[in-house]
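Consider the two complexes below, in which subunit A is the common component and subunit B and subunit C are the respective partners.
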Partner chain A sequence: MAVIDPANHGLRLATRYTVLILIAAIFVLPLLFMVMSSLKPTEQLLNDTSSLRAFLPVGDISLQNYYDAFDRAPIGLFVFNSLLVTVVTVSLSLLLCSLAAFSFTFLKWRGKGLILSITLATLIIPFETIAIPLLLLVSKLPWIGLEGFRIGWLNSYHVQIVPWIADALTIFLFVQYFKDLPEELVEAARVAGASWWQVYLRVVMPLSGPVIATGAILKSLKMYNEQYLWPLIVVQQESYRPIMVGLGYFFQLQVAWGEVMAYLSLITVPVLVFYLMLQRAFIASIASTGVKG
Partner chain B sequence: MKTKALIVGLAATLWTGTALAQTELTMWYHGAGNEVESAIINQIVDDFNGSQSEWSVVLQSFPQASYNDSVVAAALAGDLPDIIDVDGPVMPNWAWSGYMQPLKIDEGRIESFLPGPRGYWDGQLYSIGLWDAAVALYARQSTIDMLGLRTPTLEEPWSGDEFMDALAAAQASGEFEYALDLGMAWTGEWYPYAFSPFLQSFGGDIVDRSGYKTAEGALNGDAALAFGEWWQSLFMNGYVPGTSQDPADRDRGFIEGKYAFGWNGNWAAVAHMAEVDDMLFLPAPDFGNGPKIGAASWQFGISASSKNPEGAAAFIEFAIQDQYLAAFSDGIGLIPSTPSAAEMTENYQAGGALEVFFGLSEAQAVLRPVTPGYVVAAKVFEKALADIANGADVADTLDAATDEINADIERNGGYGH
Partner chain C sequence: MADVALKDLRKSFGDVEVIKGVDIDIQDGEFVVFVGPSGCGKSTLLRMIAGLEDITAGTLEIDGQVVNEVQPKDRGIAMVFQTYAIFPHMTVRENVAFGLTIAGMPKAEKDAKVLEAARILQMEHLLDRRPSQLSGGQRQRVAIGRAIVRDPTVFLFDEPLSNLDAALRMDMRMEIGKLHNQLTATMVYVTHDQVEAMTLADKIVVLEDGQVRQIGTPMDLYHHPANLFVAGFIGSPSMNFLDVTVDAKHDGTVTVSNPSLDPIEVTPTDSVAPGARAKLGIRPQYLTPSADPTKGKLHGTIELTERLGTETIVDVAMADGTKVIAALSEDAIFEIGAEVSLTFDPAKTHLFAAP
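Our next item is the complex of A and B:
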């Protein structure tokens, strides 16, 4: 019979924590570097990069980079634009993609498997390959908005939202999740006379909290953090620019690295808050769907 | 009587309204985020709008890093503004691609301009710049003295051998991490802008400028091979940091004494002078075909889709006044396009701290190849230089680069040459 040696157990524990701390450091140190650097003058920031001082609040510490960053670019406007586009896109995406997934999972119609396969196949097409055709398309589309009728979607919020509402990954997440729901629930509801719409609203969606959270987080991160190429080519007016395009304001002939770090720190805050709010649901959903971002 | 008064009043209102209504001209500019530059360009726009009643320019600024992509996308979508600014070497491509139309201004106004800011393609003026940029060899007088070197001048620059002797002496002194900082951390346009003049000084070029139909002989001939071997030797001998140079070292390395010499532009000169007491800006070395540096910077032009080219031209003519050339120079340190504007500036006037750069632009500047194919050739050239710096075979690399440029020229039907 094996006996646990207390000394051996302590060593293993120490080793485990050392490894965990090292792995955590890989993820935390860049963030720490970003925040600490945002508090230093550019000259000191560059000098500190070759030592551990880069991760410490030492030297000439101040919020000057933040003041200068706000002077250089309309940061509030960029953050507002990104948040607006993200919230509207994610909301509409969750609605549309869950409806599509509901249809793929529970409804019976001819060609369902083929359409689902084609939908999932779009996952392998990089956006860059369709960016130009999409640009040509949206530049000719009509739109009726508050400002009236016009041809062309360029320079607007909706041009940053509509093309991103439907996406295969979110549909796939919902399909996978719906497949694992007990079929009896849906059948019982149908037998009791519920319409498909009622089944979707009253039975399926209330049980789909984890996948909604996962879809929301993955989509939000994509919309908030990665929207660069598309707004770059469809939005010329500063008033509609999102944060990632705004980052370019800080890359002048002499890069103001301190301000870059201040800007990055500022735009990271909403992401961290959002993640911390949905952290439990996110982890739970990853465990249940087996999908990671 | 009442009706008559009403008609008179209405007519007066209409006349006044017509007189006040300025036709809107849209303009895109690459300087978003640069507060000084934005202030000057906004001032020019305000002055122009207030100086006449026919046109009103509305400015939209873009981050420089993404500006070209935005323009190309807008051209595809048919959404270009009336006035655009364009980087000098890119202009022929945009003109050839149909994004720009010739700039109809009184060319007598630009006779005194440096060659770099004048954007000609296919025999016509397409763009004009308010400034030029130049590169110099950064050095300290104390370093020159310590190494016992002759101080080169515009009239008598270092020969290639003298330059290499200077690097060897700096390296042997043990005082520096590297003898020379070429700015390898600055990728992109810096490579062809800053380094192709070395190739030209050896007698080669990125393409054969006699017809712009091929790079054969220019980029892989004997002169180019000699350049390539020399280029590689800089890295193999440990004289310069390689392609993995830390950008922080590029910004601060010379100032902190890590490098004996630096290859840098006039835009960094003021910051260096502020921290280095005995700063020198030396001319490019002569590798046999004269000392060369790059030329041409951002310029103003008119989009092909502009419905008001005369208004756009009126704005550009207004913008190239000496006072604005001087304002840009004082504001962001660039070289004013005319001698008269240079005299109005703090740094480029006779005896000014950066006067040498005006002389360099006048005496040594060479335009990058004036061809629509430059945008592709520049990227090929950049990759070839990086590969050679990293140890690739010189002849093979230059041959491959030549083939790639030739294939591109052929694919595009000779780019209209």
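Our next item is the complex of A and C:
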């Protein structure tokens, strides 16, 4: 039987940890740089970028950039807007996409294979190619809201929500998951008297925790972190702007890098909280889907 | 409880017809077992009765009503699946009560029905457990409990014992038999295990390639198989078939022989003409070793013996290469390679036209 040499084992462990620390550093250092820079005046921040001081809380450290950032932009409003749009979109998307996937997987209807293929094919269409036609469309659509009937969706929350609810990737995730559920469970429920709606609510969805978590995480990150171009073109009023558009407030005339870093640090907090809450599901979702977040 | 009538029932998947015109009458309270080899269509037929597969042509009646287009939930049936199909996110109590909850039954009434089902299946102590905490046999009880509480007119069982080990399978088989006596419900049961079919059924339907080959009581099928397929399928070990030639035809009987078999007079099942090739079927249980090795009807060499305790199975190779299996008494002792002569009662043989 092979005997492990203690010295050799220690060396392996040291090598492994060194590699892990190096990889971790690649991901942690930019965040550290962001937070440290947010505490420094712009001039010192730019000077420090040529040395390791960029990652250390040294020199003239204060929270002044945070005060200035709050003065320059309504950060609370932007974060609220982004959270509202994200929560509503993700909730509706999970409901709608899971229903679509349920239909694709369990119901029998003519042409569903073709429709599913077309739906999945939309994954390869970049958003930029449909942005202008979509803008023209939403600018002419009617809407009945709290303020009554009006034509055109521009400058609203719903213009940032509705076009993002249906999503081929989320449908695909649900279809793949539903296909792996034992078909007999659905059949048993049907025979026991359940309608299709009851099968969805009482059998399929309660067993779909992992894919709901995966879909929620991927969609939330996309809605919170990556919504820039679309809100930029459909929202002119400050009251509806999300965080990424709000970043533009810090690039007018002279760029205040310290305030930029303070703003970025602040808007990262909700993502960090979200990540820490769902850390286990987050890692499982990335591992199980092979989809990068 | 209800009658079930299948009239010229057909099912196609695309261009492939898998059920080819099946006619079966199931009487109220009857226990009917569908048997047949893998791919014969028995499960598909059961799923058509359940409403889980569309009917391509023909008529399905439950309690006198045509139900071809009726949803599974409205057919008054309950089904037990091979894989149990109990819901992993619910307790046993919630699983058993599922159909009643869906139907909106008041809680008190629902609880009473669940307790009654649990009492019948002796699983009162399991009601608050999760399926993951149950053994295979217990899970199958839960699935049966879920079926019982709905008071269905017809119970459908799709190979419910296939996933259980041999000992548990026997216990559960007896439980299902008792349940049928207790509930006096119409039950349709699919299996490939002929022991289950023979022990449980009032009536067995033997299927092959989407067609009914014979319907009858277990003993009917065993003693009077209508064709070569049923003769070979029912009985364990399987019936021996000898290639014979019809030497002469008499009034209701024929004389047959082959190089390893002395001429014997038998009653044919199929119509056969003198000079025709035929298959003579002899059940292994009806072969007995001849006390005088020169006076048996079949002569051969022993190739293998298997002692099962209650009987000894002997494989015999005859001079023309034909293999014969004999199920002999437990105390029969034979050496591999020894010569043996076997005798049988010609009245207990079956003669079929050669395919």
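Please note the rule applied: the second predicted complex is superposed on the first by the 284 of 293 C-alpha atoms of A that agree within 3 Å, B and C clash if a C-alpha of one lies under 4 Å from a C-alpha of the other, contacts with A are read in each partner's own complex, and residues count from 1 in each chain.
Heads up, the rule we're going with is that a contact is a pair of C-beta atoms (placed from the backbone, for glycine too) under 8 Å apart; a residue touches a chain by one contact, two chains touch by 3 or more.
Bear in mind that the values here come from a model prediction, so they are computed numbers and not experimental data.
With both structures placed on the common chain, the touch criterion links A:Leu22 to neither subunit B nor subunit C. When both complexes are overlaid on chain A, the residue A:Ile151 reaches neither subunit B nor subunit C. Comparing subunit C and subunit B on the residues of subunit A they touch gives the larger count to B.
Judged by the touch definition given at the top, the superposed model places A:Val203 against subunit C, while subunit B stays out of reach. Touch criterion met: A:Ser195 reaches subunit C, while subunit B stays clear of it. In the superposition on chain A, contact of A:Ile124 is made with neither subunit B nor subunit C. Using the contact criterion defined above for the overlaid structures, shared-chain residue A:Pro182 touches subunit C, although it does not reach subunit B.
Look at A:Ser139: by the touch rule set out above, it reaches subunit B but stays clear of subunit C.
Common to the subunit B-facing and subunit C-facing surfaces of subunit A is no residue whatsoever. Across the complex, subunit C is touched by residues 182, 184-185, 187-195, 198, 202-203, 206-207 of subunit A.
Within the complex formed with subunit A, the subunit B residues making contact are 28, 32-35, 60-66, 69-70, 73-74, 76-79, 246-248, 251-252, 265, 267-268, 271, 332. Interface residues of subunit A facing subunit B in the complex, by the touch rule stated above, are 43, 46-47, 49, 71-73, 132, 135-136, 139, 152, 154, 232-234, 236-238, 245-255, 257. Against subunit A, the residues of subunit C that register as touching in their complex are 50-52, 71-73, 77-79, 81-89, 98-99, 102-103, 143, 146, 150.
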